[in-house]
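Okay, here's the structure, questions in a sec.
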Amino acid sequence: MSEKTIERPTTDEASLAKEIEAEEKAAARQASLLKDGWADLRKRPLFIVTAFIIVCLIALAVVPSLFTARSPFSDGFCQLQNSMNGPTGGHLFGFDVQGCDIYTRTVYGTRNSIVVGVVTTIATTLIGGLLGMLAGLVGGWVDAVLSRITEVFSALPLIVGGLLIMSIWGGGDVWSVSFIMAILGWPQVFRIMRGEVISNKYNDYVLAARALGAGSWRIAFRHILPNTLAPVIVISTMNLGVYIAAEAALSYLGIGIQYPNISWGLMISDAQDRFLTSPHALLFPAGALSITVLAFIMLGDVVRDAFDPKMR
Amino acid sequence: MGRYVVRRLLQVIPVVIGVTFIIFCLVFALPGDPIQALAGEKRADPNIAAILRDHYHLNEPLYQQYWHYISGVFTGDLGETYNGRAISDIVSQRFPVTLKLGLTSFAVEAVIGILAGILSALKKGKFLDNVVLVATLVLISIPVFVLGSVLQLELGVNLKLTPVAGIEKGWPQSYILPAIVLASTSMAYIARLVRSSLTESIRADYVRTAIAKGLPRRRVIGLHAMRNSLIPVVTFLGFDLGALMGGAIITERVFNMPGIGQQLAQSVYLRERPVVVGLVTLLVLIYLAANLLVDLMYAVLDPRIRYE
Amino acid sequence: MTIIDPTDAVPAPRPGDAEKTGPLLEVRDLHVEFKTREGVVRAVNGVNYSVNSGETLAVLGESGSGKSVTAQAIMGILDMPPASIPKGEIRFYGQDMLKMSAEERRKLRGARIAMIFQDALSSLNPVLSVGFQLGEMFRVHQGLSRKEAKAKAIELMDRVKIPAAAARVNDYPHQFSGGMRQRIMIAMALALEPDLIIADEPTTALDVTVQAQVMDLLAELQREYRMGLILITHDLGVVADVADKIAVMYAGRIVETAPVHELYKRPAHPYTRGLLDSIPRLDQKGRELYAIKGLPPNLLKVPSGCAFNPRCEKAQDICRTERPLLVPVTERDGTELPGRASACHFWKETIHG
């Protein structure tokens, strides 16, 4: 709001000083936005709950042997005579169709789910972020070509595209699944990054920095990039849970993670045929999957609330 | 407006070519020899194999095969299976199931999602709002195949309210539960989207103006605020219309419905390349058409777009 | 939403009642608070002013002085909560609007009291045509048909001198220039020929040349319809030509009131003096422009005593401890100066010294 009573510098020196100040402020503004977001985040009870669940999940993923005495990869882990037996004292979640202990398999499945989620998120953020920044900064034909390519890739829905690609490459482990989801997922990050870069490019403080003779690289990295981070962080956090769910869906369709690797989606798929008679084999991995997805979706929510200045 | 429509139509052409080419290349790279697969365990007769290869253009370079395929697509010919059955035949048999499922689901998510979102925005911070928020979180977190299985057990087997699986009972009995399951995630996203965009537009200056004009609250919210909030919602709905067809792959499997999705999954296992290409192409074209529809709707809903 | 109690319903008074019931609008001891995360913000602390038919009151102040909040309280468009009105009266033709039902107030809004907002681009609905938004006034308040309403809308657009009104009635706000959009806002406020118009910084967002045109139009229409006008502004230049009297607000209180020309000649509050001195003048070309030092007060922590004391050059100890009341201002010899009052311990020194 322009108020006439507020001090107005009249000399050139003063206006130059003001521009320099504006440039510094822009850099500081970003730092403070992230800092404010973080400070805000720590105060939210929902964040503390979510963070607690996620820390537990990460512990399960890193050292599953701490949580179960058995190993799903040891000889004699699965005893066919136990097939589809319900929960008992020593086997809290019961047995699956092969007679394997569901609790142990569920614990060991955590790692794959989380690795797929994290790797896919990092990959989409890097691919989409870098290309989006390139398109936004350079503009012109580079932008046109990259945008068309993005449109082509985003025309393949995740499950349809995944089905197609996995059926060819055969899927198998966490890396191939992450890779495919990254290929299909990056356009979303690209669009956000490109939009943010373009809208920041014409902001007053960037024009001010340019007027003061700051070089293109300096402008890109000191002024434009930091201001695009918050929305990209928000969308990436929100996607973590989505990718974990998508991996389970692909594995459920039999085209994601394959034996001998453990995946909750695969366990659920195996249990489905006998679900009506012995639901335990489906419900335990399904519960683990739902809690994990819930935790990451809630993380995305709180991060968005804390970092998106519009939502305040 | 006219120029906008033409520009948008022209823009979609390279995308269609690009994406069909990618699909084609990917499927062309499917491992295994399809002609050998057709012969099963026996060794294929070299002469017959050669004739078949010729018939399916398997000996021609990739780009020529692509040309055969794309010119077919635009004349309504999605190719034929290695058994000589036209894929458009399969589509006409399977597609109605998926279409009915998809549209029912679309109606469910739009109606329930928008209503829940409005309720939530108007009662922001109150009990009802929190109920909606928790419900959306739960719906988003529970994977479709889990929700499907659980509802199938509870409503179908235990309470006998709905058919357990299949489509024998026809529309709507056999479709309603699968449609709700298929809609669940999107419904939750729509509710949240409506909530946040309506909350934002309620705070907008033009809503303050509408109040200052002495308009009744119904009109202020229902017309002035909603008209603006609907823009992102329509976008989401449009994108989702195409995505629903893909999501149907999972739902059709859970409820054993003979739709496109189930056929697609089967064909992937059986390595029926032409079927996979044909069906994926169809799904992608539907998806692109839905996106195009959204953009045109956008121009109707938001006059600022038209004159850019 | 609102239950209309028939015993409570008051027939809306007509302009003819004015003589019987006093001024058109009278604000008495109005208080408005906002509950925020940081605490209670007292945005308006006992404001009194009145407007008669055909009269223009200018309310002057920086952002955060409470001038817009007062206006929104009069219109009844404050978001409650977080806002609340713990105390005060807003009398329209003698009737306290704060005691009316929500439905009664709604019927007054737009029809009897209208408001013009600062930023016409954001204040007009971007997805509805201007013809629709103008015609809506007639459709909702007078039950006119769509077609009649459109004809009225064109008439209104002509009235505020929008060229080719009939051709542009179906255009959208973003297709008009800033000045034209503000004319549409004015047309919307004028639509039902209200008794009182509140204009909240109507020209701030406009170019200087357009500002003058829009202000002239507003003044002309006001004279023609004999409406009361409350002009909220921070721009003393705008005020001089159109206002009859001025109320200067600072930190939620009125610090000075005066007929317009007297205020310019002899301000009775150091804050008003500061505002006047910071207007650029041709005869002071080349000299550094005067500016009131410091920033407007944080409403969560209003300084004790006189809220202006940290920025005041004349501040003494008493200004930091005792809050000055708004007292009548007189000549040196004690002759009354009608309409003049100041809330300064040293008003005598300021006006006469």
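We just call them A, B and C in the order they show up, numbering each chain from 1.
By our rule, contacts are C-beta pairs under 8 Å (C-beta built on N, C-alpha and C of every residue); 3 or more make two chains touch, one makes a residue touch a chain.
The chain lineup, named per UniProt: A = Peptide ABC transporter permease; B = Peptide ABC transporter; C = ABC transporter ATP-binding protein.
What you see is a predicted model, and the numbers here were worked out from it, not measured in a lab.
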| item | value |
| --- | --- |
| Dominant chain pairing [most C-beta pairs in contact] | A-B |
| Most distant chain from chain B (Peptide ABC transporter) by Cα centroid | C |
| Inter-centroid spacing, chain C versus chain A (mean Cα positions, whole Å) | 50 |
| Chain centre separation in whole Å, for chain B (Peptide ABC transporter) relative to chain A (CA means) | 23 |
| Gap in Å, rounded to a whole number, between the CA centres of chain C and chain B (Peptide ABC transporter) | 53 |
| Chain A residues touching chain B (Peptide ABC transporter) - in the complex, by the definition given at the top | 148-149, 151-152, 155-160, 163-165, 167-168, 170, 241, 245, 248-249, 252-255, 265, 268-269, 272, 275-276, 279, 282-283, 286, 289-291, 293-294, 297-298, 301, 310-311 |
| Chain B (Peptide ABC transporter) residues touching chain C - in the complex, by the definition given at the top | 204-206, 208-217, 219, 224, 227-228, 231, 301-304, 307 |
| Contact footprint of chain B (Peptide ABC transporter) on chain C as seen in their complex | 1, 75, 77, 106-111, 114-115, 117, 119, 122-129, 136-137, 140-141, 172, 174-175, 188 |
| Chain B (Peptide ABC transporter) to chain A touching residues, read off their complex | 11, 14-15, 18-19, 22-23, 26-27, 29-31, 137-138, 140-146, 149-150, 152-153, 157, 196, 200, 242-243, 246-247, 249-250, 253-254, 264-265, 268-269, 271, 276, 280, 283-284, 287-288, 291 |
